[in-house]
Amino acid sequence: MGDISSSNNGGESRRRSCWYEEEIEENLRWCFALNSILHTGASQYQDIALLDTKPFGKALVIDGKLQSAEIDEFIYHELLVHPALLHHQNPKTIFIMGGGEGSTAREILRHGSVERVIMCDIDEEVVDFCKSHLVANKDAFFDSRLQLVINDARAELQKSEDKFDVIIGDLADPIEGGPCYQLYTKSFYESTVKPRLNENGIFVTQARPAGVFSHTEVFSCIFNTLKQVFRYVVPYSAHIPSYADTWGWVLASDSPLPLDADELDLRIRQRINGGEQIPRWQDLCVGLNSKQSCQEISSKGNPGVH
Amino acid sequence: MGDISSSNNGGESRRRSCWYEEEIEENLRWCFALNSILHTGASQYQDIALLDTKPFGKALVIDGKLQSAEIDEFIYHELLVHPALLHHQNPKTIFIMGGGEGSTAREILRHGSVERVIMCDIDEEVVDFCKSHLVANKDAFFDSRLQLVINDARAELQKSEDKFDVIIGDLADPIEGGPCYQLYTKSFYESTVKPRLNENGIFVTQARPAGVFSHTEVFSCIFNTLKQVFRYVVPYSAHIPSYADTWGWVLASDSPLPLDADELDLRIRQRINGGEQIPRWQDLCVGLNSKQSCQEISSKGNPGVH
Amino acid sequence: MGDISSSNNGGESRRRSCWYEEEIEENLRWCFALNSILHTGASQYQDIALLDTKPFGKALVIDGKLQSAEIDEFIYHELLVHPALLHHQNPKTIFIMGGGEGSTAREILRHGSVERVIMCDIDEEVVDFCKSHLVANKDAFFDSRLQLVINDARAELQKSEDKFDVIIGDLADPIEGGPCYQLYTKSFYESTVKPRLNENGIFVTQARPAGVFSHTEVFSCIFNTLKQVFRYVVPYSAHIPSYADTWGWVLASDSPLPLDADELDLRIRQRINGGEQIPRWQDLCVGLNSKQSCQEISSKGNPGVH
Amino acid sequence: MGDISSSNNGGESRRRSCWYEEEIEENLRWCFALNSILHTGASQYQDIALLDTKPFGKALVIDGKLQSAEIDEFIYHELLVHPALLHHQNPKTIFIMGGGEGSTAREILRHGSVERVIMCDIDEEVVDFCKSHLVANKDAFFDSRLQLVINDARAELQKSEDKFDVIIGDLADPIEGGPCYQLYTKSFYESTVKPRLNENGIFVTQARPAGVFSHTEVFSCIFNTLKQVFRYVVPYSAHIPSYADTWGWVLASDSPLPLDADELDLRIRQRINGGEQIPRWQDLCVGLNSKQSCQEISSKGNPGVH
């Protein structure tokens, strides 16, 4: 068709017509208006897409599940990385189980003490896709301290003779029967993870949803499993808007995790590149202009880092 | 996040997650799974997008309304162009009101008799967008017989001193109060269109939905208006899948429109480039392997061309 | 929450928030705004729901597929019943394969000549649901000429010793491997249907989508299968808005089906209860005020009844 | 249509076909599968609906916005009511601005000390709708301590000569220009709310979203406004799954709000009917089997009640 002299460019024409739709559960959908579909690809394991969404910016979607969104992936990745590294006296060597997106490595590499990071992801195509398309992680992928290994994380840890100051679990969901399932078991933590930690080493893992209802799915289970393996275990959580849920992480160590908020704030400023500026996840609550009234999302109030 | 060793690449992962959604009416939506958003743009009048949809191929969307889809735009454009040109003895000069997409010109230019086509569209950006991105219309846009005019169709016809064998209305919707509205009135047909037709000239216009319920919106009205201006007026219609409705067109002339199906079939073969092959909209019913049982969509059975 | 003194009851508040969504195909959705969900139920075979939709009125949905909608089910049911019964000299006995909704029986019972209708549906709960909730079919369900049989239509026809003037196929989709599949085969038509037709008997079946693309799925196949079994076979189609597609039916007989439009119109007036008023599907095109210009949806122009 | 012998009652048939859809923002939708639409109504101010949703149970929707959902409304209402009443030495008289749903009154009436509750809502039809249909609030609506006033909350407070121990703001959104807007201003808090508080009285208000991004919309503003009017102001927040966001509340008083978690837990057990059982929002984290590791959603860790 053609001539559009009658176009009324108002109201209705501004309706959003392209949408990304995710099934959070079978009965629950979460839909983002789309600007564009930037890149799509597929590996032997899964489908990959990079979308440009209106509410959350660029979004990495794997097999129809949102992995991370530009405007709030920092919540997931900062909370995965910094509490563990800050509690360690001097973290030099880090092993990432998974992490192919590159954001976890990016946050680790902000710590000046870090000398070597191994990122062990099974899906080379995903890694290549992220390396090519996720601009925010470009520097991290080319940092000389980063060593990329394409392998199953368990196999890699088992054959490794190295030990690490911090081991980070940035793995997909522990679906029963799937290979990842074994990465969340007591025997895995006991016989594969713990032996690869240096003295005073710290293990941290993302632990799936930790909402008022959803924490019973996996989060509680991971916490309880880790308590059987490590002396000190601290769960913590934060709401991630693009996930439409509160997310959980669990810190575990045989050394105490005793830092208070002031000490953590000090280490943030001393150790993290850019930390002299208040980290973004703390910065965001200055709207309230009162540290003590905004504890949920600042390191002060973060239950996991008391 | 990262390692995807647990990915189950089955069932759920094949869910379609990106969708184009159109409000056919306030209470009715029509949604196409998306492969990609190929191009987006905006003119002073409207927003333009070229989407790659799974059910209907590439789709041109203007202001959130589907204009034409790759796999079935031929229904709209062939039925707009060919009945009029075939009923004319020797169509040489054609004026398109609107038509900036280029598909109407493409179908016109398949007629060997045609010497000059004026495409008069008000929105240069839409024309440029289609010229750049609609591959199927590329040859038409560069055909030396085509003359593009950026203007309001009414103003152009009023100032013109030329007459045409066929005038084709490929305009957007006659929204009351909008400029297009005036392009569907008795006075417009009488004082602007008819004087610009040569003797035995034919006017044809798309006439909006013509479904069992939707024909009362505009289709009947256009038909009845044209009957007050021309001696011979023939409405016709066809279901266009991507529009989720039956669409209508109206032929009008002061000369009789008497051709029977055999004569039309003959002219199709003689006059239309590629017409020696059965035209696509006839070809599609050979599944039934029987001309006489597939009358609805063949020229034989087309009510408008009896 | 509470006090709503600030409510702006305009624009946005009128957004439709409850929707029925149907997957026409995996990549294509059709969504109706909902007024309410009137009744839901389940049989041993399937889920049943009666919805009150804004665009199409009350809608019967079985297993997530729209079966019929209040405002346009007449198109399906009139075109299934009347062409067959009108072509018969004096239809007295009718067998419906399926038809548990009751609408097919309702249309049959409008024919004064009809003495006995057998409706043979396998799903008693669906029949009971429709009997209770579909007001338009209430009279039909309680008509003394109707005999309801709960059985597989094939088994019932095979064991029957009766013959019928018209047999009507109002069955669900011929899914390969499903029991219905066998109700669309040459051997079924030959050995089960045809022997149960009286002399001059007519068989008619719904034949799934018959759109420009979709007719190749099943419609063409049913037509071609019936041509191997009956001497005279006539396919026909009409756009059904709530199905978002053109639908097909096929008439078959060993006697000719020769009626012209005038004879059919005469019989409509003489035989069908309420037929002295123009039937609804013809009535709807008087907007055009011209029989001859509205052939697609009138009996005159219906390709199947030439 | 009819016979369904071929129905495959598996996979696809279990697709959810009826959905409630909410626009969280223009670019963000949140969709719940529906079991049924239980009741719909309309007042002079707004449309009301009670839906039965699969993910969140019965949901009250006003003007297309979810107000509260059966499975998690306790988060909103407990956090609105209990921190304020627990911090008061002996709360006897309570004024609710808004609250027509009845859930706020229900939580207040669990406190044995309470002698009189005034619920002042402007929309009688909403109150009647909730009284009739929200089973969980039935006892509260018929509690003799509850007095319902249909009026604008500001007008009612202005003309009142009573003073209250606790005033609770359970009002809709402070849309600029709407009447509610005035219920969130400094002058309203100063000249209308504060004078109606008894000595040691406490004001609490819901304060809209308090998520990492969304807190800047209104939450921070309410906090800062209240800080100009009251000596002690405590903001707090919790993730409410059905809202797809973290929500905020603000406590304000001219008396200190000094209770520690142990004292609060003690008062919960002593004062709240059913409080000897751990309140539900604390109970939900026992999956972690460790009070100290689950601070976010327990009263111990609630930032607002330190």
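To keep things simple, chains are lettered A, B, C and D as they appear, and every chain counts its residues starting from 1.
The criterion applied here is as follows: a contact is a pair of C-beta atoms (placed from the backbone, for glycine too) under 8 Å apart; a residue touches a chain by one contact, two chains touch by 3 or more.
Here the structure is a predicted model, which is why all the values come from computation and not from measurement.
A.B. asks: Where the centres are mean C-alpha positions, what is the separation of chain B from chain C, in Å?
C.D. replies: Those two chain centres are 32 Å apart.
A.B. asks: What is the distance, in whole Å, between the centres of chain C and chain D, each centre taken as the mean of its C-alpha atoms?
C.D. replies: 51
A.B. asks: When the centre of a chain is set as the mean of its C-alpha atoms, what distance in Å lies between chain A and chain C?
C.D. replies: 55
A.B. asks: Can you pull out the residues of chain A that are in contact with at least two other chains?
C.D. replies: 16, 19
A.B. asks: Drawing the touching chains as a network, do you get a line, a ring, a star, a complete graph or other?
C.D. replies: Drawn as a graph, the chains make one closed cycle, so a ring.
A.B. asks: Which chains touch, pair by pair?
C.D. replies: Touching chain pairs, listed by label, are A-B, A-D, B-C, C-D.
A.B. asks: Enumerate the contact residues on chain C facing chain B in the complex.
C.D. replies: 16, 19, 25-33, 53-55, 71-72, 75, 211-216, 219-220, 223-224, 233-235, 237-239, 241, 244-246, 281, 284-285, 287-290, 293-297, 301, 303, 306
A.B. asks: Quick check on the complex: what are the chain B residues that touch chain A?
C.D. replies: Of all residues in chain B, those touching chain A are 1-9, 12-23, 34-37, 40, 45-47, 49, 51, 61-64, 67-68, 76, 96-101, 104, 120-123, 126, 152-153, 170-175, 178-181, 183, 206.
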